[in-house]
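What follows is a pair of complexes built around chain A, which joins chain B in one and chain C in the other.
Here is the complex of A and B:
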């Protein structure tokens, strides 16, 4: 392996310092472009990853009831009817809902659980593993606990029922949401308690979750239900995928435009750089050759120079994007993705998720291209007679 | 030591820089190439150093046909055998005196100890060792010239080429430069100076003066 030549490295560094203004400009533009490209990729890949994760634990088919165009509770009788459809293997009445806590202007996500009922999401399943709930207590996320405490609800919370009376639930325990930030506002409570809060009757729920034996028949069964029951809304897992993808593709389009602009700007710089050296730069290469540097020595030093600039810019740009997206949560740009979707699932959260292939793509699109753009004109000059270059 | 045989050099657009030049210099000689600007003096230095190739003819330095050597070998030969002092010194202003002097050796990646020893020896020889750590841009003209001479001597070359070495110096510094030449000559270095400075024409150490005009020997 070739040893690093620190003398040439020192020369390259001195060269960068000597052309301070020009190199500061290049480093700034390079860093900003890498930061912008990385931001685009970080946000899109993270949101896509989160999107896929959310759909994974959704029921095959969701059936919601509507009365005069307004969403209402579903009845157990509807479930019985649906279970008669050939191809549906199982189904249950789900009790979930969003509770508006106006004092703090937040919405709690209430998830009703019943003993012995199978929970598909492993996160919720894990919380419930060692906890038993009854109709007077609940489990809340750490954030919910904090919010309640701020409103002086330290040990219990009074939910306001549709008739105006209170339903008091004690905080049995709290849980950390870790990476599942969509559960920031989650409250797990007994199904009977949830019925009371939302005014559901014994045989009513928020929606019906259905499982289909043959996943290839999902759309067919969903359209069958739509034909059978025109007053319900049927959402299949495939519909969810499509709506998420539409949302994602639309937002990605905006990002794609940014991406194209960045690449375009970068290549203008590269084109300008590759097009030739200034007379001063040419003269210096001539001097180096005159004092005994061979073509490969000149290129070696130029490689160090380009590598110092490009690696530095890439690293800083990458780190800036990381901080902007995952620590600052992408203010402004991230807003594009941060809207409620059709299914009332909470807003997207930017958990750290890095797809190495995309980072590698940005690296390959920037660092080697810049190094090549530095080496090619230097090589052209270095292969000429030193005398001709210095003239 | 140095033979120039039937050399002509024609640049682009048919500019004739040299026409049928024949010269022969021996080891240890101090030669002055005398002529006005544009007469072809610097082109002769350039051909001897292998910085350019003659259009016609041959340049033989220390038994090697330098004009026929591929660029790679010509450069290595130059590094080991020839030291060049440029008119404008051509130093790197953001490097220290030591680094400028060591610049020809940078690609060799020698150990730190060897490099420091070489630098100290040559800086001491040209009495600039007290400025070793200073950036070249902070030196006076005379000091910069000493650094340029030190750089040209870092490899103890057999041949030293100097292009208008006193063009940017006052009389006192020019005389100091002549003393350096005297010392180098005493060490049997072959020295070729391209100049039109009259100071050199009556010097006792000069062995030969070659007159050039419009690319031809007079």
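Here is the complex of A and C:
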């Protein structure tokens, strides 16, 4: 089969048109099935990809202080104590927090920056490279700037301190978040300004970020800190990976059941189709043989017919899924992942990410199977004598 | 006369309070103060030449005079001064630097034939006097080779377990018998100083701390048993 036989292709096309009702039904079912499966995989792979990306730049070990079972601020003295541990290569007192902007019902993510401090995240590092902050200005993301503008804060913003007074910060500049969707509501500001806004005392911070040079030693050091300081919560990067994965696996379990159901439905349809042809179809093959077609010509035409239907449906289904997930932002199915989760993803506003292997899997599960299911019964009929079929 | 003396004493005290030598532990200096100082030095105050000053106070004074560094907060000035006085000055006078241990994807260990890029933490290196370099997947294999060819002169390098920085094995401390295994099983874990080796020994149930001079060929082969 080196060349496409256009006469047979035309015949196959004419056959599809002739049996309009039946083929429209097949195409609809096929398209919906591919769309459903692709949607499942698009959503799970994008969320997983996003999760991996977010963990990548987290510190190796996070140490949070707890007081009466509730998270509280960390003292700088603790950092000095932790730095004495062998294997920890560097560490700093981080100042971060979430500020509730009630007028717009959004939460700003405030990230405190100390001059000369080493920033591990390349994105933030890049922003800070040519900007110097002082305690009366800040850098905001484009979205934040937009939100502030809606509340008539064009040049500056008044943060409300815990005691009710204002802390006025000027908007120095804004930045585009590009692909880092988790920084949609990011505000970069000086550490002292952040302390003032959240009411931290001097030498206090939100948590301690430690980095470990030898990653083999990570878990050992984490457990060592746990033993040393009973009142802190120690989260190593490995723990973080595990807990994200756990949550993700639970969510994708729901998806998997959906996937299995749709695959089974598809195979039932295929089984039904492969089991036999209608008498009309049998007669058609018989006539073709009677007017001189060889078995291979019949199969050729049938192959074109099945290929046309399945490729068309696959493409449309794939496109529908793409539009549904990435352009319409997965209205109903996306909700499964959008609950109160560790990543704080509240809208399915993620980057487009396609994993080719899954698309290939869906393709191989649907198109060749359908073609085979069309060819096998036709071949069975075509090998019989023409008069036997038409009788 | 007495008033003059008193004034001098007072002046001395004020001076010492102003530029008191900051008292940090070695670990904090290494992990926090020096990197901070280095960054400040490189971004703001690279004009200061560490060899110009006779004392820490002189450095501190010079920082206060320099127009770029004048406005820094006290803690940053301290870090900068410490970096210049304790690190930068020493670095200038003694420029010995160890090579970075980096291997390509095709490099194999001459002793066991394993690919090295999979275990970047364990890569060790042997350098002949003529500049020829050989890479191994651990100190154990390196020493096997070393003892087979012990007639020639060569430099040995590996990574410090905790800091992952290159160290010369001639002045390294090794821990044997610990519960940390390399790609080839039991390993000699290298450390830059006795303190960290001691710490590792206690943490990871090591048996013994040894130096390169004390290691015999038999000891190395015994690790494989």
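Heads up, the rule we're going with is that the second predicted complex is superposed on the first by the 381 of 391 C-alpha atoms of A that agree within 3 Å, B and C clash if a C-alpha of one lies under 4 Å from a C-alpha of the other, contacts with A are read in each partner's own complex, and residues count from 1 in each chain.
Here, a residue touches a chain if its C-beta (ideal position, glycine included) is under 8 Å from a C-beta of that chain, and two chains touch if they have at least 3 such contacts.
Note that this is a predicted model, so its numbers are computed, not measured.
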Label the relationship between chain B and chain C on chain A in the superposed model as either fit or clash. fit
Counting only touches as set out at the top, which of chain B and chain C does A:214 meet: first, second, both, neither? second
Greater chain A contact set [chain C / chain B]: B
After superposition on the shared chain, which partner residues are touched by A:228: those of chain B (first), chain C (second), both, or neither? neither
Just checking: does A:352 make contact with chain B only, chain C only, both, or neither of them? Give me first, second, both or neither. neither
Figure out whether A:98 sits in contact with chain B (first) or chain C (second), or with both, or with neither. neither
Looking at the overlay, what does A:118 touch: chain B (first), chain C (second), both, or neither? second
With the two structures laid over each other on chain A, which partner does A:87 touch: chain B (first), chain C (second), both, or neither? second
First, second, both or neither for A:24, with chain B first and chain C second: neither
Of the partners chain B and chain C, which touch A:300 in the superposed model: first, second, both, neither? first
The superposition places the nearest Cα atoms of chain B and chain C at a distance, in Å, of 54
Taking the two structures together, which residues of chain A meet both chain B and chain C? none
List the residues on chain A that touch chain B in their complex, please. 3, 5-8, 10-11, 14-15, 17-18, 283-284, 287-295, 297, 300-301, 383, 385-388, 390
Chain A touches which residues of chain B in the complex? 43, 46, 49, 51-53, 71-72, 75-76, 78-80, 84, 86, 90, 92-95, 99, 102-107, 109, 115, 151, 155
In their shared complex, at which residues does chain A touch chain C? 80, 83-84, 86-92, 115-118, 213-217, 220, 224
Contacting residues of chain C [partner chain A, same complex]: 25, 27-28, 31-32, 35-36, 39-40, 43, 76, 121, 161-165, 180, 195-196, 199-200, 203-204
